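Take a look at these structures.
Below are two complexes that have chain A in common, paired first with chain B and then with chain C.
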Partner chain A sequence: MNLTSTTGGGPISGLPRPRRRRTDKAHRGITAAIFLSPTVLIIGLFTVVPMIMTIVISFHRWSMFTPITEMDFVGLDNYARLLSDSARVQAIANTGVYVLLSVVITVPLAFLIAMLLYFPRLRGRNIVRVILFATYVIPTIAIVIIWSNIYAPGYGPLSAMIQAIGITPPGWLSDPSWALVSLVIFNVWQMLGYYVILLVAGLTQIPEELYEAAKVDGAGIVRQTRSITIPMLSGSLVFVVLMTIINSIQVFDPIYLLTQGGPAGSTNVVSFEIQRSAFQYGQAGDASALAVSLFMLIVLVGVVLNAISKARKR
Partner chain B sequence: MKKHTLLAGLGVAASVALVATGCSASGGSDDGSTEVTFLTHWGPDQVTMLEDAAAAFTEENPDITVKVQAVPFANLLSTLRTQGASADGPTIAGIYDAWLPELARDGLAAEAPSDVAKDVTDNWPSGVVNAATQEGALYGIPNEVDLYQLNYNTALFEEAGIAAPPATWDELLTAADAITATGDGRQGIGFITSWNSGAVHPFLSLLASNGGSFLNEAGDAADLESPEALETAELYQQLVDAGATNPAMSGANANTTGPYLDNFVNGKTGMIVMANWWESSLKDAMGDDFANVATAPIPVGPSGDVSSSISYSWDTIVNGNASDEKQAAAWKFLSWLNGPDSGENGSSAMGDMLISMGILPSRLSDVEAHAEALGSDFLSSYVAAMETATPFPTVLGASAGADALQRQIEALLNGQVDAATAMKTATADVDAALTAAR
Partner chain C sequence: MSRRRTHPRTLAQRALLYLLLAVVAVVPLFPLYWLVISAFKTPAEFVTIPPTWFPASPTFDQVNAALTQVPFAQSMMNSVIIAGGATISVLITSILAGYVFAKYQFRGKNLMFWGIVATMFLPPIVTLVPLYYLVNSMGLSDSYIGVLLPWLANAFGIFLMRQFIMDVPDELIEAARLDGASEFRIVWQFVVPLIKPAVVTLAVFMFVFSWNNFLWPLTILRTEAMYPVVLTLNRLMSYTMSFDYQNVVIAGALIASLPTLIVFLISQRVFVQGIASSGVKG
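After this line comes the complex of A and B, so read on.
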């Protein structure tokens, strides 16, 4: 026997690891697999499989009136058309402008409102939070009915108010120069409450002692905001920026309900173009190529923001 | 382990059973009857009429029942795309004829049996039959036909000192300027924006009345850089430059709600180019003031000889993926529904339903049976226009092409581009849309 003796009755080095431990680990693995399998199965069936199918379809020409087995392989043709079709180029540009405006307006505004709702010890601030959040909870279709009247030219309240101060109101949804901006305003109004709640939640995580110490050192509100609030809230802010970008890239409901991409294609965005390609024109391959591109764009934005966030932490 | 195997086996068996049940496409039920589904975009009143007609048919044919499935117009095509490919999808569908090329190509629209095809060929106008025909085969039974005419407000005309509706483009410009000059925030003429058919059909009607056309004769390329098309775009530009049309007052959607309707019914818009089926919306919105609405042919352009409206029709098709039994039952029902014995006074039941919506029926005997209703001040001009109408092309990609043209019409109306640029860009975009669809 070539055994190495040990002291203290511990395991003998050089011997195989006890069979029981490996069996335990295997059991744990099986148990975990059993418990996770329903989730994995559901995610696989309803998320991964459709994603793979979308990628596959994007390389094919397929009319949705025919079985999926009757697709024709067209290689990268559908992707090539993304940049050669003027409507799609306009849709991509409109999406970019919509996202940019949404982020530039929503994030600072949400931050400001969150600060105003968190720091001053005012009565009724919780009610204000609930009211703000309500715009996010109400279904878009219900809100659209109200906003289509708010934006009505001539007799709408917005136009009436502007007329009352002697300014000629624009055609909010009928003027190509204004239609996208009007939709951004709608988006800001609808989503603001959600982001405010996220930022208020972030503010609650900042230790009160930091502000007290800063006050002792003579720091004013601006200095406290710049040196404590913003750095300590950076995680929440990055998340809010990411969510604003993702939600804005995916915008569909108000465009479908209010403008149908018009006038003159000024509110046609990528998600609406996907719907139109697939369900109006029956070009599922084109629509899938657009969808895959949109997904890649969202992933790219997520990666960039994540990298920025990590770099800031370092 | 045995328990797991048993559970897994049961799960698989249940799944297979569910899938088998879900995929079954039997033509009939256990009692030998056949149920067919009729997909339509009609409103509640017409759906009730259709259900009554279906019940009357079932009384005569107890082995066939018809179930009506109604969706909004905007969702009709998407519903067909998601449900039509299945054998258990809608058996019958009312479709816009521009969709037919794709539906026929993909086998969703079944070719009509020879007796149905003969009946349609014998009893419908040839233009409407052609719109329901693809490569020599008939794919559906036409029902409604729609045209565009000039609607104008006689009270505003009187106030502006205009005695008669414009018959030419020069007269149109004069009338539009005169009405705009009456002030009070009025526009001489309104053109729909934000709704593709509403924007494109009036433009193409003016183009047809100027001797031009949307596509070339083969239907495979745009014909929008022709002198006639350029003149039509220039007419729009002149109206915009003169302030006689205001796109801010003309936003609309497929239900014609919104500023376009509001401004016309409230006397803010003097003239519009609109379809016959709009009559009921106008009546509802205007009440007694509807008496001020008159209709006239599309004004003729400098290069045109005759007023010509764009026309389009709707067809009822049968799902080519349905079982033979269901298809046969569907054709039987449609022949009865569109036949001269199912309605009142020699009209078909379909004709009665269409007239109730202010829509022109296309079966010749229906037109005759409803001569009195079709002879109303509002509709008679539309009926007369059928003779010289220009059918909207039913070729692959025409719908996408119309969207491309719509973008340029709206850009022109908003002063973003000039007439020549709009037509040049539209030509390129329409050609691309036609190519992509083939």
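After this line comes the complex of A and C, so read on.
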């Protein structure tokens, strides 16, 4: 490609450049193909092909420990079994609770913090932004290790703090009714900074004049927030909701590392169930049916949120 | 930016806002603080009830143990190779593809672009089974290439690069073409310098993402000599049930976090801006 480039020269040299003009278009077509081919090849081979394979496998019975040629077509059996297997039903329900709790806690909290960080003349807000975002770049396993220590009964600081104010702390990760909540807290802590950054960016896009006009009309801060900030920020808010759902719907690392779905199946989620079905029990068909369902759920969420944000714009 | 909007007037208001700001800073910081102090406690102090809030006699023993008793250095090196390889590859593929999607016209371009972007929302767990099957049957499990292959190109990167390259003036590219510069040279010499903040953002994002990626290496790697540091930590965690060893694991977590934290802190101004605009521009 570099053969066609000239060294030095430039428009100021005033030399006529008659060569190559006619072939430019075709030449550029080839360049475009060359530039795109690595991407198309990689995403095609390692994303699109596996996606199609997942759908195909979901209609078959196939143990991953046997060759793929021994796959048996079973139609919708795997999907039917999803709903009769209590572990899988529980995994789906747990995922729903986990997603719902994550959204309900994360989005309002991120919004309030973003509002706070957006307050003018507040010193130190940039440092707070950096601290918040730092949690997002640390490996999940490191966060898992530290939080399992924070949650530890007895020598863990969280229980000690709660005990100090006279309340008996729950068993956190070892208590079936608290384990999923403990994992949500962990997820909120890890991801909050990311969403705050997105919302602060959205806030800076709101024209200052709107607030000026509202102030002239005597609107207080609550009124301004309700009538200007939230409607103007709805695009960013919908995006944050979408990202929170997509992030929490596929939670895997902390489950695998901390609880393995326990205690008593209380933290078993869909992605963990997929991995366990496939790689521990070898049931690739069941795992794929679950994977396809998960993907359809994400598509559905995307479509619904898109419709909501379009309806709001009108 | 006009700074007149609803700024706190009274001293009480300001005090309250600063108090809130302090809470917002301290709560997220606390687990990180706990990570650091726990790594420097002695095993005995680590399990005392009630917990101590500062190491009584700080020691480097746990950090040393993490570094010497397991192949920690080897796995840090593996992580550097894996994260570095993915970062460089994604930068190249994303800049080239982003340039084509931003500045070229051809039939089916939009369909292709949005098709690629849609894969951004596809959780890796969905395609894990066939991906494992594919890479394994290529005979590439247990190799750097096998760990890297699925992550050599990335929809988020292409999206980000295209958004920023669209803002590069067409006239500039035309002028360079009239000058006889090759398309490759135009990208390298004119486009990349103009979108440097986006390139830095993508580099940091990919490095952090690949350094922290757990599920795929867990699936495809067999031998411990190939493990990135997150897998070594996992092995440490599951095989060391004794209390004596627990804060060695914590020291390991601290060491494993340092590269991403350092990369983030060096680039945070540009990186945070870049991530922020990825949401707004979307």
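Observations, loosely collected:
By our rule, the second predicted complex is superposed on the first by the 275 of 314 C-alpha atoms of A that agree within 3 Å, B and C clash if a C-alpha of one lies under 4 Å from a C-alpha of the other, contacts with A are read in each partner's own complex, and residues count from 1 in each chain.
As a convention for this text, a contact is a pair of C-beta atoms (placed from the backbone, for glycine too) under 8 Å apart; a residue touches a chain by one contact, two chains touch by 3 or more.
Remember, predicted model here, so these are calculated numbers, not experimental data.
In the superposed pair of complexes, A:Leu173 makes contact with chain B only, with no contact to chain C. Number of chain A residues touched is higher for C, counting chain B against chain C. In the superposition on chain A, A:Gly265 makes contact with chain B only, while chain C stays out of contact range. Of the two partner chains placed by the overlay, chain B and chain C both lie in contact with A:Met64. When the two structures are aligned on the shared chain, A:Gly154 is found in touch with chain B and with chain C. When the two complexes are overlaid on their common chain A, residue A:Ser86 makes contact with chain B while staying clear of chain C.
Of the two partner chains placed by superposition, A:Asn306 touches none, neither chain B nor chain C. By the touch criterion stated above, A:Asp286 is placed in contact with chain B alone, chain C being left untouched. In the superposition on chain A, the residues of chain A contacting both chain B and chain C are 64, 154-155, 278-279. On the side of chain A, the complex with chain B involves touching residues 63-67, 81, 84-87, 148, 152-155, 170-171, 173-177, 259-260, 262-265, 276, 278-283, 286. Within the complex, the chain A residues that touch chain C are 1-6, 9-11, 17, 20, 24, 28-29, 31-32, 35-36, 38-40, 42-43, 45-51, 53-54, 57, 64, 68, 113, 116-117, 119-122, 124-125, 127-135, 137-143, 145-147, 149-150, 154-157, 160, 163, 189, 192-194, 197-198, 200-202, 204-205, 208, 211-212, 215, 221, 224, 236, 239-240, 246, 249-250, 252-253, 256-257, 271, 274-275, 278-279, 284, 287-288, 291-292, 294-295, 298, 302. If you check the complex, the residues on chain C that touch chain A are 1-8, 17-18, 20-21, 24-25, 28-32, 34-35, 38, 46-51, 53, 92-94, 96-97, 99-100, 104, 106, 112, 116, 119, 121-134, 149-150, 152-153, 155, 158, 175, 177-185, 208, 211-212, 214-215, 218-219, 229-230, 233-234, 237, 246, 249-250, 252-254, 256-257, 260-261, 263-265, 268, 272, 275-277, 279-280, 282.
Within the complex formed with chain A, the chain B residues making contact are 77-78, 80-82, 84-85, 102-103, 105-108, 185, 193-196, 247-251, 253, 258-259, 262-263, 268, 397, 399-400, 403-404, 406-408, 410-411, 413-414, 416, 425, 428-429, 432, 436-437.
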